[in-house]
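Structure in structure tokens, see below.
Going in written order, the chains are labelled A, B, C, D and E, and every chain counts its residues from 1.
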Amino acid sequence: MTEIWQGLVRAIELIVTLDAEVIEITWRSLTISVIATVLASVLCLPLGALVHFRRFRGKRLLISLVQTLYSVPTVVIGLLVFILLSRSGPLGGLNLLFTPAAMVVGQVVLIIPILLGLTISALSSVDRTIADTARSLGASGPQTAVLVLTEARFAVTAAVIMAFGRAISEVGIAIMVGGNIRGFTRVLTTAISLETSRGDVELSMALGLILLLIALAVNLTLNRIQR
Amino acid sequence: GAETPVLEPKARLKLATTTSLYDTGLWGHLETLFEKKYGVELDILYAGTGKALELGRRGDVDVLAVHDLPSEERFIADGYGVKRVPFAYNYFIIVGPSADPAGIKGLSPEAAFIKVKETSGAFVSRGDDSGTHAKEKAIWKAAGLDYEMVRQSGQWYIEAGSGMGPTLMMASEKRAYTLTDIGTFLAYKGKLDLVPLVDKGETLLNVYAAIAVNPEKVKGVNYDMANNLIGFLTSTGIQKLIGDYGVKEYGTPLFSAYSDEVEQ
Amino acid sequence: MPLIETNDLCQRYDGRHILRNINLSIEAGEVLALIGPTGAGKTTLLRLLALLDTPTSGAIFFDGANVAGSPRFRLEMRRRMAFVLQKPMAFNASVYDNVASGLRWRGLGRAEVRDQVERVLEMIGLSADRNRNARTLSGGEMQRVAIARAIALDPEVLLLDEPTANLDPVSARRTEELLAAVIRQRSATVILSTHDLAQGQRLADRIGVLINGEIPQIGTSRDIFVSPGSREVAEFVGVENILDGTVLSSAEDVVTVDIGGGLIEAVSDVAVGQRVSVCVRPENVTLALSRLSSSARNSFTGKVTWLSSAGPLARVHVDCGFPLVALVTRRSAADLDLHIGRQVYVTFKASATHVIRTERDS
Amino acid sequence: MTEIWQGLVRAIELIVTLDAEVIEITWRSLTISVIATVLASVLCLPLGALVHFRRFRGKRLLISLVQTLYSVPTVVIGLLVFILLSRSGPLGGLNLLFTPAAMVVGQVVLIIPILLGLTISALSSVDRTIADTARSLGASGPQTAVLVLTEARFAVTAAVIMAFGRAISEVGIAIMVGGNIRGFTRVLTTAISLETSRGDVELSMALGLILLLIALAVNLTLNRIQR
Amino acid sequence: MPLIETNDLCQRYDGRHILRNINLSIEAGEVLALIGPTGAGKTTLLRLLALLDTPTSGAIFFDGANVAGSPRFRLEMRRRMAFVLQKPMAFNASVYDNVASGLRWRGLGRAEVRDQVERVLEMIGLSADRNRNARTLSGGEMQRVAIARAIALDPEVLLLDEPTANLDPVSARRTEELLAAVIRQRSATVILSTHDLAQGQRLADRIGVLINGEIPQIGTSRDIFVSPGSREVAEFVGVENILDGTVLSSAEDVVTVDIGGGLIEAVSDVAVGQRVSVCVRPENVTLALSRLSSSARNSFTGKVTWLSSAGPLARVHVDCGFPLVALVTRRSAADLDLHIGRQVYVTFKASATHVIRTERDS
């Protein structure tokens, strides 16, 4: 148990002394995951609304499939993106492998199902009458969608928070397609896993705590915006 | 038909082994033989040398199979290990793009490292304090360079902070050089754009040793069975098996039996 | 050309027929009230007219065009209407934003929106509450906001689903006056459903009775109330005396109907032997203590069985061999000293009856 | 791209031939994650209802904290549980480290925040009037909670599916506290990560596909139950 | 001992006073109707009585015990009541399960639940719909299910928030009869809020008028309708003629009030100089074509300014120097040949007026 305590002390130490490498890694974690979350949200909120409002055959199945993708292990996504971006892969020419951009791509792929599924679920918890009322007052499809998303803002924010949490805490993709290169693609989770494999439990705990702190900051910000 | 998660600690022996050894599949082979012979359940955990030693210190495993001499010696000196028993060895190799832009083919390991650094040919390091990483540091030292200085000396030196496999993949993608154990390299060969360039030299020697965790220092470990395992590994039959392992799959043996070799 | 026309409109849910062959034709500027019992299909019909749902079969024509077009076209049509749903639902925003929503969706400028919203809030008496979250309004306040949201749009067609159902009489009267003003000022076409027959009477040019997914009768309030077309309509519009019988004889447009407990003379031209229902509105039944010599062709002796008050009036149930209800002023009731068991003379004119042909006993 | 295709072929092969080891690993993955999900649900559904229905100071903050825990990397949870269960840790005497039971513990810890957060969010999307109506008809606190949970069943099921997906797809905890011991604690994700590190991309993809298939089966089952 | 008593009950939301010092005392078996305009606080009060909310200050006593006890105690109390909310909300389950819910929560056995539910469904006329999902019911059907859910519990106290607001007149009448039956059979104590004054009159023993969070008057329907205690109450209960003025002289309990446009004699004992409002119910105003010699002390000449129909009656607005509304039967209206502009003689008795002291002009 001392390790946990020491981890805490170490975390405070790292934060107080503004350890340059830790700051750099933390900042990189934050940027990559925020960008991934924003991109995925821009994609999934309208898409979720589309799925929710359109009636079509196989909708239930589609939702089940999306929910199934909650279970894709990050390593598998990492592998897929790796194959895609590797020199011999179809997008090898972009030279994205082992760059932060590749990590963003991987995280976007990872959180799309989560955001999509939770957005649909958030929307379907809004009383149908709200959408009817909007349409009866002349709202177009997209206008209705925006209104209903606004009505579901609590749940939609929760979905975004969940997606962000998933993105910033995952490690499989970050290692596979980022490569955990010091000073370039190393982020908090890959650093933690490196320290763990080195047997440095305290530093791992400290980095974990820092990760939680920035997640808290992001959540509080999002919750403030939501209101 | 899953296992019941009920534990009978007496009937289990926990071994922490280094990843490079595990990934070759050698342990899969030995496990059944050992289990049959001693009627014990052998739980094999693979981890980097650093982590494996940490598991030993905590008493979460009974015996270790690792390959980093300095840390092994420290482990024993601290009283956690009883004795270091080498049971196999092979050589690390330096691999790089077949074009060999730095021109290191056939050089000694130290000379090759210096050449790579001077021509700023990219080099990918494990950077994870594994046995392989320790060996890399040892080579830099033997070449008369300060590792910290090398590490900070520019873009050409890439610290992957990953396992051997990902490090090889990265080296291949980045057309870079790297130091690797032979087993992992052979396993990945088909996916890599890399060829072995340096495979000879004293410093490349890679010795695998088994250490039983000291029951005096760490309570509750299965010392007797750990000794059985060490005895098993160094028995003639198994030593022969180790020396032949890999021929079937890779066309070349991956290890040499330690009994064949003189003391280091 | 009628502004709105429906052609054999049908709606089914889960195999149940909710609406059956509805053929409506509504002129621009007309006010139509749909009345009918719970579950008759009023909301279902209004939702179809508001283009919120699509019918199982049949067509709706708006301004001559079939509305079963592209979503874009339907939106365009929908923007010419406004629909106040039965269950008023507040958007989770201020009262102001609620009322502004439809205008904003139409892309109006900030200033325009403000002017219009303020005007409507003033009109509907909710100016002081403009910044409150609409979710905290009481049921009646919310109903008014819902109406405000709709009339702020100056729609060509205003659809209202029981617009005063949640209001107290004073607010209901106010809202009704507001609606009357909107109807007059803007010459909007209005279709409203209501439980309140009197409201239908007051606001509408025509009344459609919707029963069981069909419209058995549509016409002026006088038509409906005085000459209901079927027994169901008669029952629904509150004709309390419906006497079933068979025509015994007929002479000079006056028939004699045998209703079992007595004979009734009624103005009608149905044939002898026809089964009919004779409707007598309670307010046309006169009570007296002595047998009056009057022109009324129907005169009976009866006993008061029940008395209840209905606002300024008293409802008197009399048994004259068959049950009959009379509506008299409370003053008359006092003058006649009515009480249960009192014997009274009951008269009503043959011309104050309305005869409906019935196929079967009911 | 050929790897993906080959992975598919390999997956079909493994399934058709009923490869004994694959079946064993798959079954273990499923059992461990189902048990973890059930345990966490039994804990979090009532707890979520409690948080939702009770009014107390700092509720918003509590929810933010729970949401923050979405971001705990599995490695950190793995470490924590490891420290707890390690021979020299406080619960070392239980001898649970490197057993399936330890993996269940770790997964329960991992998904508790997710289940709790999503349950609260699911409950708050149910019209308050439902709870009022129930109470006005004499429902006790727990009875009201059960009713409201039933009303939110779509969202609650989605939460459970999300939690299950997170549990079955995570690898950090499984490796840290399970140890990926062949025949004892090896599950699909740890097998995938092992095969990946061994360079067997096709087998990784195949195992990933199998994982998705059982996730789909579980989701369809849950969605059926929900109705 | 009263069954329910409230003591200076106050409720504030966001700093606004919604209820102010409500002191009620309701006997077991009594039926109390709360009437009042939208936003008056009826729902707020009923929610407090149903123990759904806790008051900002003040206390509620149920059967002598203060209900501000432990949650367990409050639950126990709550299980002796049933409350039908204003916005009927279906549980997403069958009609049967909806009605059964309260019984199940009380831990009743399967058979008992079935018997009771079937009986109530029968009573309320929804037996055929027992297996439908309650979410697909129409507004009115749902309202009936909500009532069924409550009466299935055989509660000691039945609280109803506008129980017939969503019903058509026929269903409303049926529901009202049902409620009347429940009241009679089970001798339950009933507190209901309603917009429909007549409903309050029909169902309740006493009526409480709730205006602006206060109860200015509580009493029998006669008290409220005939002698409203304040100008607001008079307005709210639909006294259409409220004439403000000052008492000029007083003799033998008859006062002469100067209302600006004329002098009115009214039965009252207020002092000379007092500002008063004189209420005259429209049905007590008589119209004639010639000046009648009658005992009525108030007699004016006026011109008809507006005519409208109110069911079987006609509402006639007359300008006699001050505006006055009269309610006459449609037959009288026809006999008198009333039309806008027609000159009529207007009379009402001094004893048919009701005088309210007012402090200030309003």
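We adopt the following convention: a contact is a pair of C-beta atoms (placed from the backbone, for glycine too) under 8 Å apart; a residue touches a chain by one contact, two chains touch by 3 or more.
Remember, predicted model here, so these are calculated numbers, not experimental data.
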Chain D and chain B - chains in contact with each: A
Can you identify which chains form the pair with the largest number of contacting C-beta pairs? A-D
The distance between the C-alpha centres of chain B and chain E, rounded to whole Å, is 89
Mean-CA-position distance for chain B and chain A (Å): 35
I'd like the Å distance between the centres of chain C and chain E, where a centre is the mean of that chain's Cα atoms. 23
Residue numbers of chain B (touch at least two other chains): 166
Quick check: what residues of chain D touch more than one other chain, meaning two or more? 89, 127, 196, 201
Quick check on chain C: which residues sit in contact with 2+ other chains? 87
All pairs of touching chains? A-B, A-C, A-D, B-D, C-E, D-E
Going by the contact rule set out above, which residues of chain D touch chain E in the complex? 127, 129-130, 132-141, 143, 147, 150-151
Chain E to chain C touching residues, read off their complex: 13-14, 35-40, 43, 86-87, 136-141, 143-144, 162, 165-172, 195-198, 201-202, 235-236, 238, 281-284, 308-313, 327, 329-331
In the complex, go through chain D and note every residue touching chain B. 23-24, 27-28, 31, 86-89, 92, 95-101, 179-184, 196-199, 201
Per the touch rule above, chain A residues touching chain D in the complex are 1, 3-4, 60, 64-65, 67-76, 79-80, 83-84, 89-90, 114, 117-118, 121-122, 124-127, 152, 154-155, 158, 161-162, 164-166, 168-172, 176, 188-189, 192-193, 196, 201, 204-205, 208, 211-212, 215-216, 219-220, 223
Chain D contact footprint on chain B (complex, rising order): 1-3, 5, 7, 9, 14, 19, 23, 28, 31, 41, 43-46, 58-60, 163-166, 184, 187-188, 190-191, 218-220
